Amino acid sequence: MEAGYSSLGINSHPVQLPKSFQSCEGCLLYDTEGNPYLDLQMGSATASFGYQNKRLNQTLKEQLDRLPQLGSQYLHAEKIEVSTRIARMCEKIFKKRGRVHFNVGGAVAVEDAIKLVRNYTHKNAGFAFMGGDHGRTLGTTAISSNYCHRRDYGHFGDRAHFIPYPYCFRCFYGLKREDCGLYCLKQFEKLFDTEYYSFWDSKAGECEFGALYMEPVQGTGGCVIPPKEYFVGLKRVLEERKILLVDDEVQMGFFRTGKFWAIEHLDIIPDIIVFGNALTNGLNPLSGVWATEELINPEIFPPGSTHSTYAANPQGTAVALEVLKLLDEEDYEKKVTEKGRYFLEQLEALQKKYPKIMGDVDGLGLALRVEICKEDGITPNPELTRRVCLEGLKGDLKKNGKSYGLILNIGGYYKNVFSLSPSFEITREEIDTAVEFFDQLMAKCVN
Amino acid sequence: MEAGYSSLGINSHPVQLPKSFQSCEGCLLYDTEGNPYLDLQMGSATASFGYQNKRLNQTLKEQLDRLPQLGSQYLHAEKIEVSTRIARMCEKIFKKRGRVHFNVGGAVAVEDAIKLVRNYTHKNAGFAFMGGDHGRTLGTTAISSNYCHRRDYGHFGDRAHFIPYPYCFRCFYGLKREDCGLYCLKQFEKLFDTEYYSFWDSKAGECEFGALYMEPVQGTGGCVIPPKEYFVGLKRVLEERKILLVDDEVQMGFFRTGKFWAIEHLDIIPDIIVFGNALTNGLNPLSGVWATEELINPEIFPPGSTHSTYAANPQGTAVALEVLKLLDEEDYEKKVTEKGRYFLEQLEALQKKYPKIMGDVDGLGLALRVEICKEDGITPNPELTRRVCLEGLKGDLKKNGKSYGLILNIGGYYKNVFSLSPSFEITREEIDTAVEFFDQLMAKCVN
Amino acid sequence: MEAGYSSLGINSHPVQLPKSFQSCEGCLLYDTEGNPYLDLQMGSATASFGYQNKRLNQTLKEQLDRLPQLGSQYLHAEKIEVSTRIARMCEKIFKKRGRVHFNVGGAVAVEDAIKLVRNYTHKNAGFAFMGGDHGRTLGTTAISSNYCHRRDYGHFGDRAHFIPYPYCFRCFYGLKREDCGLYCLKQFEKLFDTEYYSFWDSKAGECEFGALYMEPVQGTGGCVIPPKEYFVGLKRVLEERKILLVDDEVQMGFFRTGKFWAIEHLDIIPDIIVFGNALTNGLNPLSGVWATEELINPEIFPPGSTHSTYAANPQGTAVALEVLKLLDEEDYEKKVTEKGRYFLEQLEALQKKYPKIMGDVDGLGLALRVEICKEDGITPNPELTRRVCLEGLKGDLKKNGKSYGLILNIGGYYKNVFSLSPSFEITREEIDTAVEFFDQLMAKCVN
Amino acid sequence: MEAGYSSLGINSHPVQLPKSFQSCEGCLLYDTEGNPYLDLQMGSATASFGYQNKRLNQTLKEQLDRLPQLGSQYLHAEKIEVSTRIARMCEKIFKKRGRVHFNVGGAVAVEDAIKLVRNYTHKNAGFAFMGGDHGRTLGTTAISSNYCHRRDYGHFGDRAHFIPYPYCFRCFYGLKREDCGLYCLKQFEKLFDTEYYSFWDSKAGECEFGALYMEPVQGTGGCVIPPKEYFVGLKRVLEERKILLVDDEVQMGFFRTGKFWAIEHLDIIPDIIVFGNALTNGLNPLSGVWATEELINPEIFPPGSTHSTYAANPQGTAVALEVLKLLDEEDYEKKVTEKGRYFLEQLEALQKKYPKIMGDVDGLGLALRVEICKEDGITPNPELTRRVCLEGLKGDLKKNGKSYGLILNIGGYYKNVFSLSPSFEITREEIDTAVEFFDQLMAKCVN
C-alpha cells in the first residue's frame, strides 16, 4: 500500500512521515507493533473522557443498532434534548435565554457563528486575536491569525483585524503583568477614540466590525491562559461599541478548564458560543453554536438560514446526550480542577530542574502548557521542542521494565509550547508517569 | 423537553415542525410510534447501502472497539488504504495519477477543492452552474447559485459567475434538445471571444476565473441529468482557456448513477473530484477530494496546506474501506443500473396516468426525478409538490393492511421536483410499492 | 529630452510612439511641423464645440483673471448656477427632481454614482454591460467589462455581472433584430425567475445587485447604438426588481447624440446620470452626477459623503455655465441631428464602395461608427482598422494641394471600429473632406 | 437661483451654508461683497505660488491660445518635458531611475500607485497610517483611515491595516518622544516576529500586504510632523519584509515643507511618489506618480495599464512646466524654510499667551499646525476650534481701519487643529497680520 496516493496537505507534523497507531484505550495509544504511548493530547482535546470510554462507546453502538443515520431535515429526540440541555445550562450560567444550532466540525460551527454575526450586524469583518485559530475553511481562515494559512490562497476580502491576546509571558507590548495596568486593554479601547483610528464613527455610534472572535484559552496558540481582568474590561468596551463577542470553546468547552465553559473563568457573557470536540468524546464530529435569543430566534434566523447533511446527526447527538448526562452525574468541576492542579504542581516541580528552558509552565484545569525556551528563559526554542516531541514518539521510555512512548502536542506562536490536554480520567499515577517521562525526554534532548 | 431551545435555522422543510423518527432499517424509517415510512431519499443520498447495513455497522462497531478516535496529524492504516483505493480507481478510470485528501462534510471538502484551485491558479473566483449547490459554508455559498443563501450574509467578494446548466426540460434559452445544436455550450464558448465579454485576455491567454464547479447530475437542483455532449464540449473549452474543472460528486459518487463516478457518464476527466456521503453509507461525515498530481503533489500542496480535527478520522475510513471492498465484490454498476431502469420504467408508466402533471420523469441509475407541473405540462407546481410530500409524511398509506408513509425529497429550481435517491438494496417489490404509494398520494392530492 | 522618463502605461495606441501635436483650432490638430490633421475624435468627445472655441476660451480666461482656484469646501456662484441649470433640465426632461454633485474626471464621477448606489441599496455589486467602459480607477474597472484592465491588478471583490449589450450587428445570441423579439431582454428578465439563477430572492423581493450601469450609446465599445425597445423593457424589469439604473453619459451627454442626454432617445428615466467631457468643451475635467432627490437629498447623502480638491472648481464651472448658455441660445438638437444625418449619409454612400469591409455604418447625432470587417462582411478586421488609422496619422492626404492627416479613433469589442465624434461645429465641407480622406485611406490600405 | 439643486455631499464644513467667494489675488480671497480674507489654506495647499500668480496665469492663457485640449493617447512636448524634469529631480535626490505617469486629481494618482503595487506584488491590501487620508474614491477610501468615509458604502474588501502614525503630541502608546525609544517602530517591527501575529510567513519570506502608504507630513490628519528616526527605521523594516513604500506628497510636494519632496526630510527613499496640487498652483488638477524603473518600466507596466481622458492634459503640463522652471530659478528651499521658521516663531510667541489652549504649535517649512486644546493642554477642543474658524469667516477683523476675514482650515484626528498652508509668496507683514488676526480671534472666542 503506497502513501503516494495520500495528500500530504494535512497539518504539518514534526515527523516526516507521521506516526501510525492501531488502537487505543484510556490514556494510551498503541502503535502498529502494539507498543503503548501515554497520550497527553487526546486527539486535540476531543477524547476528554478517555479512549474507549465504555459508557460512551456503548451508547454509540446502541444508536448504531437503532438510528445511525437521519437526514438533517428531520427530527429525532436526542437533537432536541441535547439542544435543551446545553441551552438551559447557558441560561443557568449566563442568565440569558438562547438556542442551539448543530453542525459538523469546529470550523463549520464557527462559520455558522460568522453567519449569525453577519446576519445580525450586516458587517462582514471582525476583530480576532493574534494567536487565535478558528479553523481552516476559507471563512474561518480569514479570522484565524496565522498568515501561512492564507498565503497560498490569494486575497481574503473578509480578513479580520487581529489584536494582541493577553499572553502575559510574551506580552506584545513588552510589559509585565504586575504593573502593566492592563495596557493592552487600554490600547484596544483607544481604537475607538477617533474616527481616524479607522474603526469608529462617533456620530453614527457604529464600529466597522461586527464581532470579536476569541478563545477563552488559546488552544493552537499554545494553551495561553489570559488574565480575567482583561476580558472583563474588553466585554465592557465591546458592549459600549455594540460589537458582538463570539466565544470559541471548541477545544476548551465541557470542563477542559474545570468549568462547563472556559469563559466562566473570565466572568463575562458571550453573545455566541461555539463548541464541539469533547461533546462527543471525539466519537463524532458533532459541533454547534449557542447564541442568545436576540441573534438566533426564528424571526431573525429563520428556517433555511443554514444547513448541512450531517448537522445534528443521530450518532453525534446520542453520544452528546450521554456526555451531558455523565457531566450531570459527577462533579467534573472538582475532578478536573484537582487533577489539573496536581499535574501543574508536578510540572512546576520539574521546572525547578530546567528553570530557564521550561520558560513558562501554566494551567487551567486540564489545559496545561510548558513553554520551551533557550538559556535566557525567554527566547523560543522550537528546535528543542521538536526534538523532545520526536524522542517521545520513539516509544523507548522505560517504566517498570516496559517500553512506552509519550505523545506531546506542539503549539504556540513559535512552535515551542507543549499544549497538554490529558484525559479527564487520567490518574495521579499516570500524571506522575507522564511527568517522569517528560523529565527523561528533557534529559535526553537538552544536551 | 422544549423545541424552543433548538435553532430553526436548518434547511427549511415543508412541514412546520419537522417529522421525528426513532429508528430505521433497510429502506424504512420508523416514527416515534413505530410506524414505517418507505424512504426514497436515504438521508440525502448518504445511506445508499441501506439503513442498518449489517456489514457496515459491524465494521464501525469493531472500529469502536479498537481505535475510534485519532488526531488527524497521526496515521492509521485505513486512511492510507482508502486513499490508495480511490486514487487507483481514478487512475484506472481517467488514466491520471492523483492523490486523495480527506475532510469532514461535503462543504468542507468543496472548500478544500477551492483551496487547491486558488493555490494552483492564483485566482479567487470561479464559474459555477445555475441550480448548482456545493454547500453552506461562506466559501461554498459563494459558488452555490441560490441567492437566498447569500442574502442575509452581506457581500460575497468571491461570488461565482453562474452559467446555465444544460437542464433541457427547462432550457434557459427556451430551446429543444432535438435541434438546439448545444446552443448553451456555444454561448459559454462565446464568452471568450473578446476581452469585452469580461472574462478573457487574449494577449495573456488568461481567464479571470480559475475553475468551473459542476455537479455531473445536479442534486439539490432537482436531479437534473445533463446531455453528455454538452460536457464533452465544455471540457474542451475549459482546457483551451486553462480553466480547471471541479467535479462535485458528494451526492452522486460511488454508484448512485450506476458508475463509480457520475462524471464517467459524461466522458470527461475532471481536475478535482469532491466526494462524501455514500462513501460511509452516512455512518460518518467523512468526505474528501481527489486531485491530479499536478495540483496536489507535496511540492505544490505541502504539509500544512489544510487541516481539520476529524479529517480522515478512523471511524470514517474504516467504514469507507468496507464500502470500497463491498463495491469490489459485487457488480454495483449492473445492480444500480438495472434497478434504476426498472424504477424509471414504473415512473414512466405512472406518468401516462398524469401526463402533464408529471411533467418530466428521468433517471440515471438510482438518481431519479419527477417534476410536478401544472396542467400545461411545464409551469412548475410547487404547491402540489409540497402537498404530495406532506401527505406522504402522514403515514396512512395502505399496503397489505398495514399503514406506511412515503418519504420524498423536494428539490428543483422551483421546488417542484421529487429527487429520488433510494437505497441500492431496494427490491423490485419495494420499487413497486413506492410507485404504488406515489400513485396513491397523487390521487389524493391532484384534485 | 528623453521619453524614457515617461511611463508608457497610458492607454495603448496603434502607433509605437504616439503622435505629438502642438496646437489646434476648430476641427484641426497641428503636429510639431505645423501640418494640419482633421480630427474626428475631438479628445474623446470632449471638445465638442471645437478646438479654440473663442467664446469658451474667453470665459476661461476671464475666470483666470478673477477666481481661478477655490477650495471645494467653499462656494462660488457658478457652482450653484450650473447645478441648478442641469437639475432643472433633468426636471424638465424626466419630471423628476434631483440634485447635482460635481467631481473631476469621468471615472471619479462614476465612483460617486457607485457611492450613491451603495449608500442607498447597501449592496456592493452591480450589473453592467459587456462592452461597457466606465473608467480605470479600481472601482470603475470593476464595473467595466474589459478583463485586460483587471488582469494585472489581482482580485476584484466588487466585479460586476456583465450582460450582453443590445449590439445588434454582433448579437451575442446570434439573432437578427428583425425577428429576435428582443430575446436579449427576455434572457435578462429570466434571471429573476428563480433563486437558483443566482440573483433573486422572491420571498424577500430582493436582488443581489443594487444597480445596473449603462451607456446609452457605448463609447469605447465602438459607438454601439442600441434599439430603444430594449431599454424600455429593461427599465421595466429593473423597476420591478428594485434595481437602480445608472446612466453614464460622460461621452454622450450634452447633445453628442442630438439630445441633451442620449438616454432621451431611449424613452426611459435613469436614477443617476454621470456626465463630464463636453460640459467644459474639454477645457477642464469637471464632471458630475445628477441623482434623483430620493438618492441624493442631504438626509441620505449628507455633507461629508464625498469630497475632492478640484470638485466644482471655478474654472470648470465657469466654462460649464457658458456651455449651458450656449446650448440655450442655439438649437443644438437640430444642428447636431442634421449634421449627423448628413455625415451618416456620406458614410453610407461610401459603404457602397466597400460593402463588406465597411461591415456596419451607423450613427446617432454626431456619434458615428464604421465597423471594419473582412470580406465576409462580419469577421472583425482589426489589422486593417489599425492600418487605416496609422495611414491617417501620416499626414500626407491631399486636398487642394495641401497635405492633411485624418485622426480616427479605434474602438469596439475587437478594435475594428472607427468611433467618430466630430466637432458640433464641423461644416458640410469638412464632413465631405473627412469622408473623402477616409475613402483615400481605405483605397490605400485595403489592398 | 436655488442651492436646493446642489448636492450637499461634499466635505463637511463648519458653516452650515459654506462661504461664497468671487475673486482672489495673492494671499487674499474676496467674498461676494468684495471684502478681503487672508487665506492660510490656499485651496488645500494647491495655490502655493499665490492666487493670480501672474506668470503661471499667463502660461495657462498662452496654452489656451495654442493647445488647450488633446486626447491623452497623443503626445505633446510639455508632457515629456515635465516627466523628464520630475524624474531627473528624483534621480538626483534618490539616486534611482524612475518614470512619471500623469493623471487627474490626487485620489486617482493614488489609485495609479495602488495599481503599480498590485501589479508588482500581486497583493491587494496594504498597510496605511491612522490619521492618513489618500482620497475619496473607493480604492483610496480603503487605505484612508477615517471610518466615517467608509461607513455608508458597505464592505471594503481591500481595507488597509492601519498602524499608528508617529504623532508624538498624541502618542498612540501614551509615551513621550524624549524617552520612548521609538516604541511605535518596535511595535511595527514586532508584527513580523511570528506568523501568528497575522502578517508574515517566515518560511516563504512573504508579507500578506504589498505596500505601506504614508504621508511624510499628515495633511488632513492635522499637519502632523513625524520624527525622522521613525521613518528611517520603518524603511529598514519594509525593505527586510519586501514591502513597498508609497509616499503620498499630494499636499506636501514641491517645497511646501521646504524641500522638493517632504520625504527628503526623512532621509528615506520611497518606491512610489504621488504628487499633485502645487504642481499647477491649483490651476489644473494635474497629478501623477513617480515610480522606480523596476515598478514602472514598460515591460512590467505596459501601454494600456491605465488611462484617463485628462491624464497629462496640455493645460496642466504647461503650467506644471512653468512651475518647475520657477522652482529652478529661485531658491525655494531657502525661501520657504525662512518664511516657515518666521511664521512658526510668531505662533510660538503667541502660544505663550494661550499656553494650554494652543496645546501644540509646530511646522515644517510652510506646513504649520496649531492644535487647540482644553485648559489641561491636551484634551482636544473642537468646539473652540470651530468657533475660531467661523469667527474668522465673519470678515470683521480690523487692520488699519479696514475689515478682513481670516481663512483657517480645520483638520486633525479630533477636528481641533488649524492646518496652515499659506502661500509661498506670503510676506513677513502678511504673516504678522495673520498671527495678529489669529490672536484677535482667539481673544474673542476663548471666553
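Per-chain numbering from 1; labels A, B, C and D assigned in written order.
Basically, contacts are C-beta pairs under 8 Å (C-beta built on N, C-alpha and C of every residue); 3 or more make two chains touch, one makes a residue touch a chain.
Values in this document were obtained by computation on a predicted structure and should not be read as measured data.
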Taking each chain's centre as the mean of its Cα atoms, which chain lies farthest from chain B?
D
Averaged over CA atoms, how far is the centre of chain C from the centre of chain D? Could you give it in whole Å?
33
Would you mind pulling out the distance in Å between where the CA atoms of chain A average out and where those of chain D do?
47
Multi-partner residues in chain C (2 or more other chains touched) are 122-124, 148, 154-155, 157-158
Can you tell me, using the touch rule above, whether these chains form a line, ring, star, complete graph or other shape?
complete
Per the touch rule, the chain D residues reaching chain B in their complex are 122, 154-155, 157
Complex contact set, residues of chain B against chain A:
1-13, 17-24, 29, 32, 41-44, 46-47, 51-52, 57, 60-61, 64-77, 79-81, 83-84, 86-88, 98-101, 104-108, 111-112, 114-115, 118-119, 122-124, 135-139, 148-149, 152-155, 157-158, 276-277, 281-285, 289, 291, 296, 298, 301-313, 315, 409
The residues of chain A that touch chain D in their complex are 123-125, 130-131, 145-148, 150-151, 155, 157-159, 161-162, 172-174, 186-187, 190, 193-201, 203-204, 206-208, 221, 413-414
